[in-house]
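To keep things simple, chains are lettered A, B, C and D as they appear, and every chain counts its residues starting from 1.
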Amino acid sequence: MAAKELSDGIFEVQKSGKRFIGTKNAVPGSAVYGERLVEAEGDEYRIWDARRSKLAAMVLKKMTIPIKRDSHVLYLGAASGTTVSHVSDIVTDGLVYAVEFSPRTMRELIQLCDTRPNIIPILADANHPASYAHIVEQVDVVFQDVAQPNQAQIASVNCGQFLKNEGHLLLSIKARSIDTVANPAKVFKEEVKKLEKEFDTKFQIIKKQDLAPFHEDHLGLIAQMVLR
Amino acid sequence: MAAKELSDGIFEVQKSGKRFIGTKNAVPGSAVYGERLVEAEGDEYRIWDARRSKLAAMVLKKMTIPIKRDSHVLYLGAASGTTVSHVSDIVTDGLVYAVEFSPRTMRELIQLCDTRPNIIPILADANHPASYAHIVEQVDVVFQDVAQPNQAQIASVNCGQFLKNEGHLLLSIKARSIDTVANPAKVFKEEVKKLEKEFDTKFQIIKKQDLAPFHEDHLGLIAQMVLR
Amino acid sequence: MKIITWYGVLTLEDNVVVDCELFNKDVEELAEGLLQRNVAGAHPPEAGFDIRAPAISFYFVEDDREYDSLLRDVSIRAGKLRISRTNTPDMRIIQAVEALGDIDDAANALSERLSEWYGLHFPELGFSSEQLARFVKEHGARSNIPVDDAMFEKASSSMGAELPPADEELVKQFASNICDMYDNRHSIEESILRNMEEIAPNLTNIAGPLIGARLISMTGGLERLSQLPSSTVQVMGASRALFKHLRSRAPSPKHGLIFNHPLIKNSPWWQRGKIARALAAKISLACRTDVYSGELSPAIKVGLEKKVNSIKSSNPKPPARE
Amino acid sequence: MKIITWYGVLTLEDNVVVDCELFNKDVEELAEGLLQRNVAGAHPPEAGFDIRAPAISFYFVEDDREYDSLLRDVSIRAGKLRISRTNTPDMRIIQAVEALGDIDDAANALSERLSEWYGLHFPELGFSSEQLARFVKEHGARSNIPVDDAMFEKASSSMGAELPPADEELVKQFASNICDMYDNRHSIEESILRNMEEIAPNLTNIAGPLIGARLISMTGGLERLSQLPSSTVQVMGASRALFKHLRSRAPSPKHGLIFNHPLIKNSPWWQRGKIARALAAKISLACRTDVYSGELSPAIKVGLEKKVNSIKSSNPKPPARE
């Protein structure tokens, strides 16, 4: 059994002839959402399923994840914390501000926070960053995975408010949330154009990648903010 | 409310601006399978839903049904008797031999027979006409609606055994039962060719009609036996 | 200029923090503050403002480590407080009405199974659903049916197979379980009725308690429902038809959940579209009245009845067809 | 030449009926005759032979009308007799195992609903399914949980909302209903076990009572199951995968229902295909033995274990990947 670090805190693990990606478990012995735990070279890893996480899909699609061990991350669309828990594993010396809109979902996220010291749960609407600006500091990375029609705009206002200069935006664009009937490729193109030109913030796109077959009609995007 | 007889015992009924087909209820006041009952000119009709009956679909597809008031009909694939009950309405001076293979389904068919004097229920496999040749006489019409791969063959052996010379075969061919993956049009063509050439019985095809949209991938066929 | 943060109110001059009025360093108080603090004249931090530095320079916390851990505790506490407070009566109605739907599905599936199972023994019975379950629970095997029961004759001449005693016990237990589900359903329905009359008297008066509760459940709450345009209310629950409409330009669905309302169900087909529109409009009005006044306003129902009567009298006959 | 009909045996010479040995004109006897009569040397009527005419000319019936009505009565009676006799023990096992599946689906759906509903009140509990239902049935609201219960601490610091007494009653009734379903499930499972050991001891020994019963249910009976090739047994219950395979040339499914067998479930993935093949072969053998002898033959299981051990020892490692 061997583990190879692909980028800070993200590992490729081999087991029974198969390859997985995973993160080193910050709370050894316990799984968060039923994921498998495997031992490799004395450490325990939580297997990270790309079909359940856009971020894991980005890793498998060979996108270089700019999250460092000490990053402070603003996570928009935290849901019940499946992916947040892996980010929490990665930023052992950092912090995750996890924003989620639904109280029902937040209930589960909070139970996750109870077991991990580096997640700050925030029950708020990502459309209104002013409503959590009294809590969230300036961060190194904004990760966004929300199912709303104005995804590019939400990313822009949040990065404008919270992202450090030259910080990174990690964005998962869900075509169906923006337009249920249009061609996904066209939707992606328009959203990327908006990000580059339409708002006060300006981004340089580092990499774009369709997330199929892990997630249908989803685009993964990594960008650096060059101006706000 | 008006009723127009399209062919023996099959009526077009108008109600609230809509047109239906139906048969005159042989047991007034009671529905067989939840179908609607309507009054027209002093008679009660049972509305006949083409989506639930291949024979009704043939009527709506303008195929002339050769069943007469005094016909003796061999019905293969009687199921729980939805369509059989309408045929029983039509042949007021005739008889329906209703063959069904499944004991579970036959249970319901028998309860229908209990209420109607002109249905003879037969629990048997239509592949083996010899097993019911001691019960079934020579008939005017064979109607067949079975979901088996050798539909043309079943029709041929039964007509050979039971159909009077120049009697009629009414056949519903279900493409998916013959070949789950092939193109339905091709399946229909081959089955019809078999009927015309391959067996001892010879048929002259009177009319063929795709039964969509009432039944997808079903062909309705009316033929006359010219030789056995 | 004053700006507000989770730990205190900062005074800025030329973008430099010159003063800080710190809050009490108490998790409970800070958490309550996160939820409702409102300081006159103070604004949220502007874009790019670093809220962490002043917390340390004004000695609210000793270092980054304490900042992190205190903010975490406060946020978790605030989240828990908000959650315990968002559980309004709507939420319980939503769970109850969803439970009703789940019980219906389960009771239907199990009744159908009972019908197959008991049908081996007594296929002629012809009962289904609750009536079947009560019958099987009471009598068990055919042979126990008393002479004065209407089913006695059918039972005596049944074509069904024998039912051995062990299987009879099993089937009776199964039937009794289904009966309990119908009882349970009944209690839940009554409770929904009581609660709906209390929290949404007008919606209940117009839509009926069950359709009203389902509309609330579908939107996630009475307040959100009251904010929806009535054209949306009209098609709610018709999601499959709506989706098909969007995808394939099929005709737009005329009515969803409210299609089950007796006013629509009992009308001829050519009046239904218009009645649905009128009903949806009054439902929206009823919801807004429930949210803003909470008092029953009988005028809404009177208005609806008037409107429906006028639709009925101006459309007595089906439209002509080509 | 003699030919047999429902009313008697006809003697034909040169295609002319010269004699008829009539049966007793009794509905019950004629119906029994339809099911099992076998007359030495008599054949079914040939193609085109008119069986109606001799019945009248030999005075079995008076006219066509009597022919029709007697044949109808006899056929209905024969049908009823056959139906009451096809209800073999298999049929009851099939209904029981299908009921089990239906209860599982229903109990799962209702438990999930209970989890949402009770979760408003006590989200930290972390129980599900039967454990949750038993807990709610026993305790009801958080405040009733005794100090010595493991959940006492979680309950005291819960972020859940209050549960008014009326709602508590409702939730408890709902939970109790779910508990009854689990009890019911247990009784049915035990009955299947008993019946399976009786009617199919070998199948039960190889596949286990539940998988065995499901295989019987899927084919419609033990005898039909025993006639299937073992390659079919291997993929039974994988219909979705099988259908996909046929439609889109996707890889053929390796194992269906028998995938749940511990021998396969507890083996590493690269041995599963081979073990499934071996297991399916022994299941077929077991079914045939059950149908033809009905006696338990321990040799089948010994053979299976041998085969599985040989598969395991010749495939200790996963195949290399490119």
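We take it that a residue touches a chain if its C-beta (ideal position, glycine included) is under 8 Å from a C-beta of that chain, and two chains touch if they have at least 3 such contacts.
The structure displayed is predicted, hence computed values, not measured ones.
Visitor: Enter the minimum step count from chain A to chain C; a value of 1 means the two chains touch.
Guide: The fewest steps needed to get from chain A to chain C is 1.
Visitor: Between B-D and A-D, which chain pair is linked by the larger number of C-beta contacts?
Guide: Looking at B-D and A-D side by side, B-D shows more C-beta contacts.
Visitor: List the centre-to-centre spacing of chain B and chain D in whole Å, with centres computed as mean CA coordinates.
Guide: Result: the chain centres lie 31 Å from each other.
Visitor: Taking the mean of the CA coordinates per chain, how far is chain B from chain C in Å?
Guide: Taking the mean C-alpha position of each chain, the two centres sit 47 Å apart.
Visitor: Express in whole angstrom the distance between the two chain centres, defined as the mean CA positions of chain A and chain B.
Guide: Distance between chain centres, rounded to whole Å: 61 Å.
Visitor: Could you tell me which residues belong to chain B and also touch two or more other chains?
Guide: As it turns out, chain B has residues touching two or more other chains at 107, 110.
Visitor: At least two partner chains per residue is the criterion; list those residues in chain C.
Guide: Residues 79-80, 83, 123, 159 of chain C each touch two or more of the other chains.
Visitor: For the protein chains shown, what form does their contact graph take: line, ring, star, complete or other?
Guide: Contact map by chain: other.
Visitor: By the document's touch rule, what are all the touching chain pairs in this structure?
Guide: A-C, A-D, B-C, B-D, C-D
Visitor: Which bits of chain A are touching chain D when the two form their complex?
Guide: 16-18, 107-108, 110-111
Visitor: Along chain D, where are the residues that touch chain C in the complex?
Guide: 79-81, 83-85, 87, 91-92, 95-96, 98-99, 102-103, 105-106, 109-110, 113-114, 116-117, 120-121, 123, 159-162, 164, 166-167, 169-170, 173-174, 177, 180-181, 184, 187-188, 191, 194
Visitor: Could you pull out which chain D residues touch chain B in their complex?
Guide: 4-6, 34, 44-45, 47-52, 68-69, 71-72, 75-76, 78-80, 82-83, 86, 243, 246-247
Visitor: In the complex, go through chain B and note every residue touching chain D.
Guide: Touching chain D: residues 95, 103, 106-107, 109-110, 113-114, 117-123, 130-131, 133-138, 160-161, 180-181, 228 of chain B.
Visitor: Per the contact definition, I'd like the list of chain C residues that touch chain B in the complex.
Guide: Interface residues on chain C, with respect to chain B: 119, 123-124, 159, 268-270, 317-321.
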